[in-house]
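For reference, chains read A, B, C and D in written order, and residue numbers begin at 1 within each chain.
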Amino acid sequence: MTVRVQREDFDPGAEIAALGVGGTEIGAVASFVGLVRGGTDGVAAMTLEHYPGMTERQIAAMVDEACRRWPLDGATVIHRFGRLTPGDRIVFVGVASRHRAAAFAACEFLIDWLKTRAPFWKLEEGAGTSRWVEAKDEDDARAKRWQKED
Amino acid sequence: MTVRVQREDFDPGAEIAALGVGGTEIGAVASFVGLVRGGTDGVAAMTLEHYPGMTERQIAAMVDEACRRWPLDGATVIHRFGRLTPGDRIVFVGVASRHRAAAFAACEFLIDWLKTRAPFWKLEEGAGTSRWVEAKDEDDARAKRWQKED
Amino acid sequence: MKVLYFAWLRSRIGVGEEDLCLPAGIATVGELINWLKTRSPGHAAAFSDAGLVRAAVNQDYAGLDHPLRPGDEVAFFPPVTGG
Amino acid sequence: MKVLYFAWLRSRIGVGEEDLCLPAGIATVGELINWLKTRSPGHAAAFSDAGLVRAAVNQDYAGLDHPLRPGDEVAFFPPVTGG
């Protein structure tokens, strides 16, 4: 299990390759790459602020939870911070499993949870001003799909 | 939209990067890599036979259908044929979209359909014998999830 | 008419492709199968369990009642196992 | 006690971190917020809509009634927008 919070870009191909070498029982690697969108309102750049320490702790807890819910052979989460421009990669989630259903479910679970639990905040720049992006109800709704009935 | 049926290996990172440059409106690239599993019965290798012509035609039709169902900015399907050994990559499915929900759904749709509609057959070698792999009911069930009620 | 066989149908029949002159009265995929079964013990073995055989006409999936026309490319194979 | 602010809470308060000596009687996150609001107009503005503020104690999410102990690291921030 790999969790990295970093300013630098990452290489999705290298991460997928690393997930696939965890054993010959791995049949499926599902992955997700999130990119900065330009937007119709002409966003020129954004700065991702985060809470060092809590970020890694929360992401590690999400990965542990995914491993409890699905039979996984590997999981990698990388999230960037700092200034990014449209087209830049922001986030990578990759999951290896024997079967594809578990790989897809865990991958979606992790990105949905990242969106609603990992302490990152986006400050968008555009047309000479900047504004803090507001959280989306839609993201909360997607994350709630994974809540267990206890 | 890219469809390739080939003997050679492919580079998931290069395919994901190519999907991401389709425009600054792309926020999500979901992808899937299928690998040859060794299996507990000690499979040493497999040979993937296919129906040249029909394979490309059926995969292109699946990609068209995915584009009708979800708002996609790009889709790539690569499927190998020939002799492969455990750990080798077999199949790549990558989908780019503005939003991650569409990217994940279309990616799962394409791999589920590939498993049940693309004319490929696996001949497994192991312990001095070879046998044709049988289709799985589980794969049919997963593909049926996507059938529309007309 | 060009008829193709894949996977274990090919193994049992012994060839992957046949160019056949169909006798009169064979108008559907199902009728073609019934005629092919009479051609050799290998053909009979390949088509012995119709439930395990899939058909395509001109590279699209086709049912037993799918009509056949001169020049069609017909293929028979087991349920697919790619991906 | 170390208190951290992120995103627009930091902008409004003017600093990202404060080392504070809490007066007696502040035993929960909610009580801490009420006291912080009295420290400056910036603090008051940051906490003016409690529904927009999330809290963490020792880097785990915490509700208003979460107890505070000496040495805790407390953070306040808006709903997250990463990914």
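Criterion: contacts are C-beta pairs under 8 Å (C-beta built on N, C-alpha and C of every residue); 3 or more make two chains touch, one makes a residue touch a chain.
Keep in mind that this is a model prediction, so the values were computed, not measured.
Enquirer: Going by the touch criterion stated earlier, list every chain that contacts chain A and also contacts chain C.
Expert: B
Enquirer: How many angstrom lie between the CA centroids of chain B and chain C, rounded to a whole number?
Expert: 26
Enquirer: Where the CA atoms of chain C average out and where those of chain D average out, how many Å apart are those spots?
Expert: So the centre of chain C lies 73 Å away from the centre of chain D.
Enquirer: What is the distance in Å between the mean C-alpha positions of chain B and chain D?
Expert: So the centroids are 49 Å from each other.
Enquirer: Which positions in chain C touch two or more other chains at once?
Expert: none
Enquirer: Listing for chain A: what residues touch at least two other chains?
Expert: 34, 111, in rising order.
Enquirer: Between which chains is there touch?
Expert: Contacting pairs: A-B, A-D, B-C.
Enquirer: List the residues on chain D that touch chain A in their complex, please.
Expert: Per the stated touch rule, the residues are 4, 6-8, 56, 59-61, 75, 77-83.
Enquirer: Please output the residues of chain B touching chain C within their complex, sorted ascending.
Expert: Residue list for chain B touching chain C: 34, 48-51, 53-54, 57-58, 79, 90-91, 111, 114-123, 132-136, 139.
Enquirer: What residues on chain A touch chain B, complex-wise?
Expert: These residues of chain A touch chain B: 11-14, 16-17, 20-21, 24-39, 86-87, 89, 98, 100-101, 103-104, 107-108, 111, 142.
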